[in-house]
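Letters A, B and C mark the chains in the order given here, with residues in each chain numbered from 1 onward.
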Amino acid sequence: MTTWTRRHIISLADFVPDEYNTVLQTAASFREVLSRRVKKVPTLQGIVVATLFFEPSTRTRNSFELAAKRLSADTLSFTPGTSALTKGETILDTALTYLAMGTNIMVIRHREAGVPLAIANEMDRLESQVSVLNAGDGQHEHPSQALLDLFTICSLLDPDLPRLELLKDKKIAIVGDILHSRVARSNIWSLTASGAEVHLAGPPTLLPKLFASWGMAHQASPVPPTSPEEENSPLPITHYPLPITQPKLFLHWDIEPALQNADFVMTLRLQKERMTQHLLPSLREYHQRYGITRDRLKLCQSDVKVLHPGPVNRGVEISSDLMDDPQFSLISQQVTSGVAVRMALLYLIGGGKA
Amino acid sequence: MTTWTRRHIISLADFVPDEYNTVLQTAASFREVLSRRVKKVPTLQGIVVATLFFEPSTRTRNSFELAAKRLSADTLSFTPGTSALTKGETILDTALTYLAMGTNIMVIRHREAGVPLAIANEMDRLESQVSVLNAGDGQHEHPSQALLDLFTICSLLDPDLPRLELLKDKKIAIVGDILHSRVARSNIWSLTASGAEVHLAGPPTLLPKLFASWGMAHQASPVPPTSPEEENSPLPITHYPLPITQPKLFLHWDIEPALQNADFVMTLRLQKERMTQHLLPSLREYHQRYGITRDRLKLCQSDVKVLHPGPVNRGVEISSDLMDDPQFSLISQQVTSGVAVRMALLYLIGGGKA
Amino acid sequence: MTTWTRRHIISLADFVPDEYNTVLQTAASFREVLSRRVKKVPTLQGIVVATLFFEPSTRTRNSFELAAKRLSADTLSFTPGTSALTKGETILDTALTYLAMGTNIMVIRHREAGVPLAIANEMDRLESQVSVLNAGDGQHEHPSQALLDLFTICSLLDPDLPRLELLKDKKIAIVGDILHSRVARSNIWSLTASGAEVHLAGPPTLLPKLFASWGMAHQASPVPPTSPEEENSPLPITHYPLPITQPKLFLHWDIEPALQNADFVMTLRLQKERMTQHLLPSLREYHQRYGITRDRLKLCQSDVKVLHPGPVNRGVEISSDLMDDPQFSLISQQVTSGVAVRMALLYLIGGGKA
């Protein structure tokens, strides 16, 4: 196991295999703690973890808070609405206030891509020891979600020693609104790093333009990153690149070739506003073309498992009965993994702070 | 004292005397803890208590949270508004998420009757060890409120050994909007179980239709539970029965016979929307006919005490000066009892979980 | 060091030097705790600190909560909106509920002056042992802010032994909306008590009428406190007096004489609603006449420092680059001092409670 040197966790784009494996193995040891009678360890006693959720999400915030409490850290919670932001304070000023109060780790969610990185840069510029953990920024990344997905899958393959190599040559389909999904973006980095075959499938309007320009090409290949249409993309590829030269990344407009012999199927949450943006015809038609059903799963490996980052629109991304079927669904395990993985992340970036 | 076997606390309809007495005596021992210098016990260390308040109530939530913290449990708090519910997740999915995070006890409030039971059934179906505590569901029940009322009264009668039998043959009046009150409904179960004489008084429009059909009858007697008008009641008696065959349950349209020689008077919170629903003429007229005043209390026993679940509409259910008079008002003791009783309930249902 | 006897902290109007020095020295010792590896002390274990913020403020509430947690207290948090207040409960009833739950210290913020005092009086009348700490009431006072300002300044002058006497004969300018500022009001008490020269500067419309009636007088002198125009002031001087007979309190309509040779400049937050109330021409003009800039600071001592209670309207009260310049700005230290000073206050008023 490598020694952990990363202070912030903003993106998985430059994660190396040793880092993935350290997270997986640390999470496995915390999962063991969570099975004990007393589920707390004093590791982060005196450490302050502040959840700055400019975009509210009770379940993700609670997952981080529970992880922090299990490590005996103190938590502070900031959500807008009852906040100084309505009084004109900038986001950076809010972060500086929590820094000055004595925060050691900031867990940040914001609807704009780049906010956690900007705050991390400011923390470094000030030579503070604060760590920043991106809990979802716009359509950029959501690294803790991708890491808990990875931990969920690898733990299924080897509960005792979850590790990146287990995914080598597995076929993993990611289905849905790839374009707007920070979860997909982070997962593409981790899964391609593992050596898995990653198959993206979704309506052309919900695939990154860069990919769409390939037409029906199933095999990814490099394209000029400065293509003019990319400039108008909500998240220009030039700022947040994807591993498009990765030989094992595939693209599909239909779901069937993506599911064919798949070992794992990751579904993505569909935002209902995509319809009012005319990117989608209807939820019903979406379900007909891209929804995961028992019938469609017959295309996959017989022991295929389905993931979803939650919350699920039942009957849209996935049929309702399938979601509750423990033979196929890993949704509940993902939530459980979330606490262990977030304990691991807080521990790794916060361990040396007290 | 009996051994506690009940996993969930949803309703008092099937509580047996041993269970009431176990709650009362456990609460008495925690009241002793609360009088110590350090008011914490490590009993529920590592246990996660999640308050899922789909219908917000800061004071009740804080009471449960303080009870949980006194027992060294970790708390998670879910309130809608900043939540995934606005994103289309079902209530059951929310509960499943908190189950998967590692919650041991769910304290649930919802404006619809039956939600806590539905969640408890799902937790059992999944063979989870999770306990569900109903913190108020629609117009159904609010068992912890009735138990803290019971503890408050019994502690007054015998501080050292509060027990159900102390209420035998006491006369207790419940005054106000019986129809819509989950507090009344739970109290009717506990008080009739104690052997007390229970007298309900309120405007005919605010009494359960089942009772109203008795006209001015003061003595309860069984009526066909399938009467057609019951079908339209907001909470059909067929689903949530009341102990109408209980020989000591009485009904009044006027307040005076209910108060005559009463030992305790329980007032209920009046929702102001009852007026816009034309169930009430005006708050002023309500106070004139059913408000508790010093004059009216002269009808009662000289040492009569008044209870109210809070928050009080001063000058409506009860005159403002009476509410603050410690000679008559138990309102403050009820809040104090709330913490001890909720510690007892969390302890009893959560004791074996860690 | 004197023995602390004050139960409530509502106002600094009657604070004596011994009390200021006790707060400063206690805060210094807690600052030392905050520099340790484990930043917690068990001092207030079992004590319940309730933050009752009828006027929401996440950052101030978090500062108090963190202070309470560092002292091992349990915290309860009340904010309106999801609260019984919307159901008609009075403020005093809310406080009585938290008293009955077992709260030991109430930290209260309200947009009306006098609310914390009214609650403190009620707590005393009931012979409870509860302490009340005013966390900002209307345009009256914000004592913990003034005490953390004092601690920040005195710690700069002597980190080891911050004490009131260090400010003797220092020149301190308070610039901005003095009239509506509870921060200014509390600071005027503490700074005049220290023997500093205090210079107030702001637009005539934003100075207390009592002061404005002096016209351009630079030297404060007593005026009849019953002047009729005072009666219409939002906070009549007869209720909340200022130390107007203090020989070292000066008044200016222009900023330059206030800054001349100043050692410290305290800027105040400008509420944008002052413009719609026609008390201000525009933010731009305000900045031109009263904003703190590098140029203006040249009037001051060369080692002048600038304070602001936050959140700052960048480019209005203070130029944006100056705010971030550690050579001049103490804003970040103020936030850090806040936790230590609030630990000191909770400790001093709560120490004997458990």
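By definition in this document, contacts are C-beta pairs under 8 Å (C-beta built on N, C-alpha and C of every residue); 3 or more make two chains touch, one makes a residue touch a chain.
All values reported here derive from a predicted model rather than from experimental measurement.
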Subject >> Rotation in the CA alignment of chain A with chain B, degrees, nearest 5 >> reply: 120
**OP:** Please decide if copies chain A and chain C contact each other with the same set of residue positions, more than half shared, or with different positions, and reply same or different.
**Re:** different
**OP:** Report, in whole Å, the distance between the mean C-alpha point of chain A and the mean C-alpha point of chain C.
**Re:** 43
**OP:** Check each residue of chain B and list the ones that touch at least two other chains.
**Re:** 79
Original post:
Tell me, which parts of chain A touch chain B in their complex?
Top reply: 34, 36-40, 56-59, 62-63, 65-66, 69-70, 79, 81, 269, 272, 310-314, 332-336, 338-339
Original post:
For chain A, which residues count as touching chain C in their complex?
Top reply: 45-46, 48, 50, 74, 76-79, 82-84, 87-90, 93-94, 96-102, 354
